[in-house]
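You will see two complexes here that share chain A, one where it goes with chain B and one where it goes with chain C.
Up next, the complex of A and B:
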């Protein structure tokens, strides 16, 4: 039971929404405060945003963990799963703000930028707590609208605007698909609650079967878009490349967490009756995603694009956890997301640090000779890339281990073999960067951003990758506790 | 008495100090001053040696330790604990390892002075000390294996220490690869232990051996049926053969002399190569239950002891003579273990560690003096220039030859007598004659080398001559310390620890060595009269060997050349080390290279790099990637189209499938 009572008695347990309420209020307050902050002091907004995240985190952590608590007629739930996802997303947001510190300081209206990040976080927090398609959709749109704007934030940079616009148009299409699918499901079950739909679908008549399949498929497509599953992935490389790098870092991690949590909830709560069907669909999608992600990454010259395809590949691996449809699988996906958060944030942090004179250090060639100039960065980048490639004993290995083991235990052996083969293919493009860093001659003069907070981010993430790699138990334990209710 | 326990902090410090020193020297050595690095390492190992002496004293008073500190790996039923087991066997090994290592550390300051890899070298030898201590102190098969592999790695790194020298790199690889063969057997043995006993803990396994043997479990292996225990012991022994340079896996040990001399002393004479002997003694509760395995141990040991002694007779490289002598002496130790006189084997291991380390370090001192020339044909009369080296080397040579009262006599005599009384049919008979005739040859080649180096005629090249000098104190002091050991460790063992006495042996080693009463040769020796050394055959064989060497080499004479001319094929056979290397090259190395080339040209290049079908896998992947990139047109309607097509494709497929 939440121990916070509000002066008004209704609805019950509103206290479990305290983190969201605080975050919403703080974000709006920041937006107003921003109007009064002179341009040269806009950096304060960033720190205020970090403080808001910390406040939200504290509010979240003091809530009772372990039970499932509901409010708003059960539309909003706080369970270990949601709580864990929220912690991850808050961490991702804070790290993304750190990466933005120096990067964004020359942009206009930088205050709004941080507020948008907070609102995106708010939307994601609603998404992961949703037990109902309507709440889920509201959270998703709040998140998505903020991210569209963030992507297009460098409005005088052509490719930034282009990226934002593409993402927006395709995002609208995917929302349309999601809602279209939802209408079918509502038509058959007359319910929006995940659990209610799940119950209703157990006794569905044969005549409505096609409608249900159609609905589920569209819903899956809508969600797959958000987590960049092929063939709904095509926005990803363009958007990642065009977006300001900290935004890329942010959207490569936080929305993926939210998306996967929702994906898991929808599949496990709303469609358990269609497990055979959705496993088939997801298997096809996973095969496509893993293959396209890992192969296409090889042809990229731009590291942000390469990491975009790498994200697609990783998402494919995470799908294995969902396909397993067991507690172990969900836990594996969460382990993957947790570790992925640190690996990707670290890699992007180094890319951000390499920004030079308006041109980001983005081409693979730009990494040539890094080991000679900044051995520390090269070592950190090397560790992160090896981890992304899944080399033991770095964290990335355990991430893959968790989902592959789940897939094998649930009988999807061939899928696991396929995934393992492609994770070997994946090594190529990660290790190529290591080769550039260590074996090639410097081609252009380096010009790093020297910001202690960003450097600390690099240190923390690469250390995390090593420590989780050597001692993965706590992460694994937390994740399996988080999914204990499935 | 048994309930006294050693302090676990003290025990953990013993391996930890060298490890810390190694890490400091290895990670920060390039920044630190050379003198600071060698101080850190020497102090680390010296303190570790003092602690080992303290532990040894406590063990003499009956203190023991057995316990796990933490678990390294837990995977279902498979648990790898990290723990220690300290008993007299461990204590005597710790003592030997740390003292020799400390001497070598100090010696290195002088010997490696000015080498560009100075700090790296210290990092390696301290790291080696750590690994060796883990090997002997562990309480289960996996810590044993960890230490085993770690010492192997350091040995590889040190043989190839002068990595710009091609011969050093080749020797390092050879050592590593030959050890792979041994370690493969070793790993199989350990896995078999885990498979059959379900645990890798020494205590638990040893307790389970007897009931296990009584169940009579056997297995089929390559069409043979054998007892499981025999299989386990033989597999483990293959590991010992690799590590301890026993025939036919001995080929790497003489080549390992490419490494700097302190390494030859520490790793390839005194400690690492004796790990195999230690392992057999440690696992005596298992080996005792397999007559076949014991017979194999005796045979391999005896053949090695004899064969390597014959090769030693004609070698001209001062370090190679000592290296073959090491192989041969290790053979003696295995014979001792095989005839169930484990305590004699460990005793010889200890005395050998002192006198052989001394021999190597003294040889190093000589090599240092004659500017890195190792050929004894270009030495002679060196006693005038380096008196301390001369005297200490003489002590070592007497000890190795087995002249009383020097250390080697006591331990070797014990082994030979044990081999005589233990009745295992032709196997023990053969072993007895092999080790006995080995004594003659040992004495001969040792003094051949000694006389050619220090006496005989002066054949030092004129260019080196003015530079001849005695080595500095950092080199001579360790020599003197080791000389004390080479002289006294035998007497101390016999009269201080009373190792030769069967009853008291069980008293000293306690339960750390297990011998079936029916096997125990030392018990039988007890029954016989103790006779004076004047009556023992090994003594006269040793004297004979020395006398022959004196006659041939003390002064310059034509006898050796004549002798070699008498049977040229035999001489060449010995000089070429029984053609082992040529044989391996012909039957293993070249066929392996053939297969490798075939796989490279025929499989790798053909399919992956530039295949027959559409230019190979590499291009296929690149093409696929390029095609995928072209699909990424940048047009929003293409992307949207892909999404819609995706949904409808899936839907069609689902419906058709349903």
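Up next, the complex of A and C:
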């Protein structure tokens, strides 16, 4: 900062931003190329988007991921934590594009759909690499703007437009809360680098304490909105139900990864001095979230709404890792996010596949008798649901195990017991779907989408759930390596 | 002294205008109140020696954004009665949250944050300091990354707005110029043998 020279100096380590730069350029090129692709061949854009993701992934993997490197005056960081989160988000984007292949092919302006997904990925990549609130907020807005448009993409469907508008208004409100909290923190510390705030808050006078707490509360509330923590979860069920199903799958996974990484960075880097205070706040939020998510899901008849509430429940479990505030806890949250990615993407892939005469198979009744019609899908869905419920020796069990163990080790035994009780309650609505599939007679005629890529997605995700369930070691080792700097 | 007086005048008017935006029954009046609010906020910027921000606020927000707002409001037929529906139903909860926030905010701001020497006692800048130059110096160096991300956000806003509103209509006949130019004699003319 001290000696700025003109013309603009070439920043050190610009190379660590290569994945973002490549993704931005490719997404913009795709936007242009889309103009010249005739309507029948729009599938090419989807594959080009997948290729862009792969290029970004390769660029990311060839970077030295061992230590944390900064560029742009320390505004952008590449450390193992960011790199791991980016791999997860790229995987989620690719899977979401696979799910969209058939779903979106009849829509207008398909090309922009895939471009917006890439730009959302770009925003999330900036979020997880942010070391300060400015870049974090801008990344967040970039991601959120893309997702608002994606949610409202089927603009002739009333539900979709309604969902988009609701998400937009509540998202804008939560951004306002986040910024308002930031202004308080900035007023007291005159800094917005996470590390600088953390340092300044260590020796803050008693007079400013109330303002700092208020700022922290607003920031937590703003972030809680983005990852749908109760009582800031109201937008989730409506938005998940109304959005096109592939978009629901995308937004239930990728932004959650980005949101949790930012949450962890903010708590661990900016607010370590306020740990007692934020633990109380987060504990209340976690209790509410776990309760509301798991109980409200029971009453849902629409599977997308049910999965929305189930997402809220899972987010509550992930919060336990943040409450533990240890390396083990953060690693547990990352394990949870990794496994959740595969479970949720698989479940949504099957929902997308169950399309009959243009109507989505979204009601729970539509799953009745699936085992007789399509035993393969029923088996995959059963595995994924068992895993979501946390039945032992499937991946979901280890995810829950990781966060519960971390919570217990850091002394939050009652919270862990509460979470275990509600995860048992949660089993009910997952197993109910299994009961519909295996023990009920079919009530509607199925008309499945036959798309090999989507079927492969189902196979891959269910295999991943089984393999991670039997060999959880590698995932857990990767996650603890990713959070080793905390 | 006189500075404090003007600060309180502008600050009070900003708050008043903000209340006006929410409470005005006519949407058009709300927009007008918002413009008034922006003017007062710009005045506050001027008092902090941030003339550039003040002018930008008036030029961009009042000059462009709010005018656009007015057009949109004029084009939408807003049903006032329906807007008021459920007002009393939400009043107790909403009012309680608002009251709690107000108490917290007053508590936070009166707890001594603003007594902090280095924050509160910012003197005026000298006449030789040029606002625009200073902002430019940091905007294109230290904040370059943020600036670039903001540019991408604008691109997305553009693409998103077009994607959500553009529809290709089949019932409209467009003039296809290249088709017109490329038309050949054979396409339009037919030689018909007429019996004589």
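What we mean here is this: the second predicted complex is superposed on the first by the 477 of 486 C-alpha atoms of A that agree within 3 Å, B and C clash if a C-alpha of one lies under 4 Å from a C-alpha of the other, contacts with A are read in each partner's own complex, and residues count from 1 in each chain.
Methods note: contacts are C-beta pairs under 8 Å (C-beta built on N, C-alpha and C of every residue); 3 or more make two chains touch, one makes a residue touch a chain.
Everything numeric here is computed off the predicted structure, so don't read it as measured data.
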More chain A residues touched by chain B or by chain C? C
Once the shared chain is lined up, is A:210 touching chain B (first), chain C (second), both, or neither of them? both
Does the superposition put A:413 against chain B (first), chain C (second), both, or neither? neither
Chain B versus chain C as contact partner of A:292, first or second or both or neither: first
Applying the touch criterion given at the start, work out whether A:148 contacts chain B, chain C, both or neither, answering first, second, both or neither. second
Just chain B (first), just chain C (second), both, or neither: which does A:134 touch? second
I'd like to know which partner A:424 touches here: chain B for first, chain C for second, both or neither. neither
Mind sorting out which residues of chain A both chain B and chain C touch, each in its own complex? 209-210, 213-214
The answer for chain A against chain B in the complex is residues 165-166, 169-170, 173-174, 177, 209-210, 213-214, 217-218, 221, 225, 230-232, 234-235, 237-238, 277, 280-281, 284-285, 292, 295-300, 425
Sites on chain B touched by chain A in the complex: 621-622, 624-626, 628-629, 632, 634, 636, 638-640, 642-643, 645-647, 650-651, 653-655, 657-658
Applying the document's contact rule, which stretches of chain A touch chain C when the two form their complex? 1, 4, 6, 8-9, 11, 24, 28, 31, 72-73, 75-76, 108-109, 112-113, 115-116, 119, 122-123, 126, 134-135, 138-139, 141-142, 145-146, 148-149, 152-153, 155, 184, 187-188, 190, 205-211, 213-214
What residues on chain C touch chain A, complex-wise? 104-105, 107-109, 111-113, 115-116, 118-119, 137-138, 140-146, 149-150, 152-153, 155-157, 159-160, 162-164, 166-168
